[in-house]
Every structure is written in structure tokens, then in C-alpha cells.
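Several structures are given next for inspection.
Look at the two complexes coming up: subunit A is in both, with subunit B in one and subunit C in the other.
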Partner chain A sequence: MNITINGEKEHLTGQTIVISDLLQIKNVESPEMVSVQLNGKIVNQERFQSTSVTENDELEFLYFMGGGENK
Partner chain B sequence: MIDFTEDQLERYSRHILLQDVGVEGQEKLLNAKVLLVGAGGLGAPVSLYLAAAGVGTIGVADNDVVDLSNLQRQVVHFHKDIGTAKVDSARDKMLAINPDITVKTHKTFLCADNIREIIREYDFVVEGTDNFPAKFLINDACVMENIPFSHGGILRFDGQTMTVVPGKSSCYRCTFRNPPPPDVVPTCSQAGVLGAIAGMLGTIQAAETLKFITATGDLLTDTLLTFDAKSMNFRKIPLKQQKDCPICGESPRITKLEDAVQAVCGI
Partner chain C sequence: MTGFTTTAIHGIRSKENPHGTLRVPTYDCVSFEYEDSKAIQQAFEGKRMAHTYSRISNPTVTHLEQTLRLLSGGIAVLAVSSGMAAISNTILALGSAGKNIITTKHLFGNTLSLFEKTLSAWGLEVRYVSMNDMDTIDTAIDTDTCCVFLESITNPQLEVADCNAISVVAQKHGVPLVADNTLMTPYLFNSRKNGVDIEILSSTKYISGGGTTVGGIIIDNGTFDWNKSAKLKEYAARYGSMTFIARLRQEIYRNVGACLSPHNASMQSLGLETLSLRIDKSCESSLEIAHFLSRHSTVQATHYPGLPDSASYDIAQKQFGSQSGGILTFDLKNIDYCFKLMDSLNVIRRATNVNDNKSLIIHPWSTIFAEYRDEEKCAMGIRPTMLRLAVGIEDIADLIKDLEQGLEQL
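Now for the complex of A and B:
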């Protein structure tokens, strides 16, 4: 299947994949460090294991970023 | 309309020349009140540019003192300021650039108990904090008080920012929901940050502030701007207000600040 992650086209084998598996394949260290937007909708973290990605889906992995002050 | 002095006309001449700013825009800047939360890597460039731009009242909230390890990126603080309160150090530099402005210092941690009262005095808030409880606290307080703000984050070679206009655009919580568990996301003090990244992101936040005040151009509302300075790729990711957002959605779960952000006061 062909999907788009952070604006880049990606080809994956298989017809479908759940978000938690996709995060693993894409080497996201922890599912808790990203917010995932699937076709414009934010997916709750509790649903990462039950939400499937299919052909032509558009995903954004939005990373938490702190910064600024040195605490 | 205020009468500009000759000095003011000269000082702000490059703004006044801009069709989108002009004397009207400069007057708006002189009348504006902006609060910087955090006088660190992001707050530093923001404070310098807003002072230079003639933002009439600039508040700065921070409870830290200047440390040697800050000086690699927090360009508002100088070597001689080590050990000085960051709010005082930032105030001195802002007034040295532009004695025309007023600077208010808030040497305190913003907590659920005090934040709403403090931000209420301001037209716009610039968020440049390093910890997630504070970022969510600022979002929630700004949504509740209906005060627009700029979110900023940096790490290693990357930066991200969005502008939130409560009631009109999606908020930080629409996209990021809840603070990540401690230690899942490294901080700059753990993972490092290239000093100039703070300048890149902070000046974007300063530009958004000036655009908001002068009602110029299109803000980064419903948009997450991200960049990776290694490749110098910039992306604008469209965001939407989420119906199930815990604070600005259809049935908000968070109705009091204490509910979500107890952690922040203890830091």
C-alpha cells in the first residue's frame, strides 16, 4: 500500500497496518513522544493499537518539542 | 492617534515605511502589551526584537537565574549576568535597546493559582518554556482567558511553532492532548540544541507577535510550522480544531486549571 507520512510517499507491503506497528517500523522510539494525525484527525494514543492505516492515507507524526528555557 | 516624536519617527522609520505597518501599525505596537513566558533560548530573541520594535509594554515571566550553560543560546543574557535573575537581565537589555518601552518583570513560576491573573493584563503571550506541564498550562489559561499566544519548541536541530487564537483556531491541546510522561521526550538540557535554532524559532515567534498586533498577513493558526536545520527543510502542517479536544472541544473535560496541571507548581 502507498501512504504519505510527514509529506513523504511511502510504500509498505500489505493492505493495512495499525498505527502502533507503523510507529515501530518508522523507528519512533516511543509512541508517547508523538501525536499522530490521520487524514486531518488526531488519533488518541489509546487507539494506536486499534486504528488501521490503509491505501492513500495521509499521516503526520507530530513530535513533542520542549525547548526555550533551560530548566 | 498619538503624536510621534521626531525620535520615534526616526527609530521606527523602517516600520513606518512598510505599507502593512505604517504609523497606524506602529501606534498599535506602542499600545500593545505582550507577555513572554520564559526568558531563555526562545524568550531571548523575542525580547530583543519586540523591544526594538517598540512593543509598548513587555512582560517577562521567569523564575530562573542566568547560568553559564545558558549563554550558548540565550543571547539576551551576558557573561556578567551569571547569577542574576533572568527577568532582570532581560529587562535591562530591552530598556538599553529602547528606553521608549515599559518592561514588567514577573519573577515567579506561573502556576494554576496565578497564571490567569497575570496573563489577563496582556494582549498576546509568547510561550518559550522547556517543560510540558507549563506548555499545557499556558495553553489552557490562554484558552480560558481568550488570549492569543505563540507556542514554541526546539530540540537538537529542530523547531516547531504554532499560533493559537482561542475561539478561532485549534489549540495546542487539540493536537498534543496531554503532557508526555516525564523523560519520554528529551529536553534541551538532556539532548542538546544548536544555539542558533533558538534564534531561528524565536524570531519566527517574534514575527508572529508583530503580525498579530498589526493585523498583518496570515498567522500560523491551524498550522504547525516545523523545521529541521540540518536539511533546512521547513514544513507547514495544516491542523484542525478537534471536536474531542479536552479544553476547546464540544464537551471540554478541563474546566478548571488545577484539573490538568498540578505538576507545574512544584518544578
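Now for the complex of A and C:
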């Protein structure tokens, strides 16, 4: 499965993955530190375990730990 | 899901722990290095999970935040430098000039001073209501109300508000309910299940344990729809349920700079591990001392939500169960009696803090509320005859004996 995370292409094995599992793969230990957009739409944290990512999806992970303006 | 104490001790196990330390190290550092320029750019843009600067985040502080998130059931936690920093950061995130806050005069003295003196000078209006009068709260809220603020048990009046009932009124108007839950903590009172949207803790108290370090906690319970907030609507479109914490982390907290030090976070994570044990002991002793004082002929009145004759007894039992916290107040004949009792105590210490391992006594009228005029203190429910006793975890027989010998000298 090919997806895009923060503008960068990534290849994952399998046809689908839920966001909470994807965050684990990406070593995101603090889900309260990140907001997730899937194909331009915000995914609330309570839906991380039930929202699936599939082929060609585009994700934006925005972490609240940055030092600059998160425009 | 493990129990409260197991979660407090083992809840978070970091993957990035090369030495396998059983305790999370204290990362006493300001900044963090990256492998190349692109990595640091991504970190600053928020596109990479990485700490940049300890005023914004730090691994030791994050560990404390994550553990409290698990224990509270909230969706996000932010640790700050004190309980007052937790309150001021929260109100700065929710309010602004022209907005108003609905609260009560029965609050911790510094909280009242923050609202009445500091924030009102910046144009935030403070509207006082009785937290037992739902109609008054309903009438006081308008389209400029930024939040309803209360304490789960007021300090030192020891009144308990019906959070669920107040939440219904606040929700009707699309206003978040903020509760300072310092005296109960998530162990005794699950604010999320009782209608509270934002929980505040002074982790200096029960969580620190032993009075070691100052700190504060903000918990977003994830229960409020931020699209209803005129001030945060713009954030809500981008951050959804994470709106409040995003506004805090990306603007208020970062710019105000009231960060928790890694050392304090480490001490408080250690305190958290024994929180339930200390609270159980403190509550058990508080009830026994309350019964002792209420039967003593020299004591004019004893106030503790766990006493059946307390006006807050029923709601305390409903919200907190059988444990009503570790603080009680009692009244003596006059100020001289209060001072004489304090000066005669040998085990109980004269100091201003609560929920320490040590039992502490103070005369609120002449100390915490000294900045207010007498009539203002009376309006806040503070009496010159009142003593506040914060019960620690000493042997109960020694505490009773200490009070007994002191009262006999009056």
C-alpha cells in the first residue's frame, strides 16, 4: 500500500491499516501530541482505532512539539 | 485495563529506553539535537515527533503527562509549573477581554485573586454565582461566557458542587465546565464521568506527595465540542477534538512559558505511584479526626464533607463515594484560641500546603486570605475562628493525641 504522510511517499505492507496502528509504526508514543488529517479532513482522537487508511490516502500528522509557528 | 495504582506504576513503558531503566530518566536538558537540517526543520514545523526545546516539551515531563492521561481517561494532558499556572493557562486559552467567567466566591484565595485582580484588569469579567443554584448559573451565562469554573471541593469552605447538574446548564449554553480537582485527584473523583470538560490539578499537593515539588496539570476530558466556542472555532476546524490542547501547546503554554521542570516532573511521577495509598490513609484519618473534633466540647463546629451532618454530605457520597478528601476545618471560640492551639501542637506542623505526607494546620483568615478586607473574607466563607487542617499519613493515634493535648490547654 502506498500512502503519503506529510508530503512524503511511504510504502506499507498490507491493504489497509487503522490510524492508531499507523501511529505506532511511526513510533508516535504520545497520541495526545498529534492531530491527524486524512485526505484533508480532521480525524478526532477517539476515531484513531476505527479509521482505516488505504491505498493513495494522504495524511498530515501535525505534532504539538514544534518550536515554530505551525501554519 | 489495569487498576489505578497498577497503571500509575506501570502504565507507560517507553520504547526508547536503551538501558532498560525501571524509572524514566530525568532529562535535564534544554534542547535536542537532530541528524540534519531537514530533520530540525520538520520538527519545528510540527511534522516530526520530536522534542525541540524543554519550554515546549521534554521526555520526562511527557511521561508524567501520559501517565495522568491514562489515569484520568482524558484525551490530552499538559503539565505546567504550578496549579496556578494551570488555571491561568486555561483561562488565557478560553477567555479574552470582553468575555466573562462564571464562578463562585468560594475559591482558593489565589484563584480568586487571579480572576478578580489580575485577569479583570485585562478586561475579563468575573460573575459570581452560587454553585448550588442552577437558575442563577443559567441566568448568568450569556454569549460572552468563556467557561464555568469551580472546585470539586472548595478550599477551605469544603463545599461540594453537583458537577453533573452544573454541566447540564453549561452544555445548554455551549460553555465548557472547568473544575479544579486538586483536593480529590482522578483517584477519588473522575471528572470526565461527572460532566467536567477541563480538569485542573495542583500536582504540588496529593500527586507530589511529601510536598517535594510545585507543579500543575491541565486535563482535556475530550467532552466539549469546540465548534461551539466562538474563540476556538477557527482552531476546531483544523484540530477537531484536540482543539483546546492545540491552542494551549501551540500558543498559550509556549508563549507564557510556565513549563514544568524535568526534575519536578520526575519527582511527581514518583509521587503518582503511591498516590492511592497515601490518599486512602489521609481520608481514613480525616474522617476519624472529624468525628473526634465534632464530639469535643471546645470545638464550636467541624466541617468535613464526610460527616453526615455536612450540607455537602449527600452530593459528596454520590460523587466521591465513601472517601471525602484529606482536609477539614473547625472553629474555635476566637482567633486567640486558634493561635494558641496551633502553637501548642507538636506533631501537626504550622504551614501552608495541603495533602502533604505531614499533617499541616493554618489559620486561613490571617494568612491565605490576608490580602482581603474582613467583609470580603466573610463573603468568601472565611471566618476568623476557622482553622484548616490538612491531614497527612502519620499514625492516627498520634494526630488525635496531639490535637487532644492542644485543646486541653485552651
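Points worth noting:
To be clear about the criterion, the second predicted complex is superposed on the first by the 64 of 71 C-alpha atoms of A that agree within 3 Å, B and C clash if a C-alpha of one lies under 4 Å from a C-alpha of the other, contacts with A are read in each partner's own complex, and residues count from 1 in each chain.
FYI, a contact is a pair of C-beta atoms (placed from the backbone, for glycine too) under 8 Å apart; a residue touches a chain by one contact, two chains touch by 3 or more.
Computed from a predicted structure; not experimentally measured.
In the superposed pair of complexes, A:K26 makes contact with subunit C only, with no contact to subunit B.
Legend: residue contacts after superposition of the two complexes on their common chain; A:V43 is shown touching subunit C, with no touch to subunit B.
Across the two superposed structures, the residue set of subunit A contacted by subunit B and also by subunit C is 6, 30, 32-33, 35, 42, 44-45, 62-68, 70. Within the complex formed with subunit A, the subunit B residues making contact are 38-43, 62, 64, 67, 69-70, 74, 127-132, 135, 152-155, 158-160, 174-177, 180-181, 184-185, 187-189, 193, 198, 201, 224, 235, 237-240, 242, 244, 267. Note for the complex: subunit A touches subunit B at residues 6-7, 30, 32-33, 35, 37, 40-42, 44-45, 60, 62-71. Every residue of subunit A that touches subunit C in the complex is listed here, in rising order: 6, 26-30, 32-35, 42-46, 61-68, 70. The part of subunit C that touches subunit A in the complex is made up of residues 14-16, 42-53, 56-57, 62, 65-66, 69, 75-77, 222, 237-242, 245-246, 249-250.
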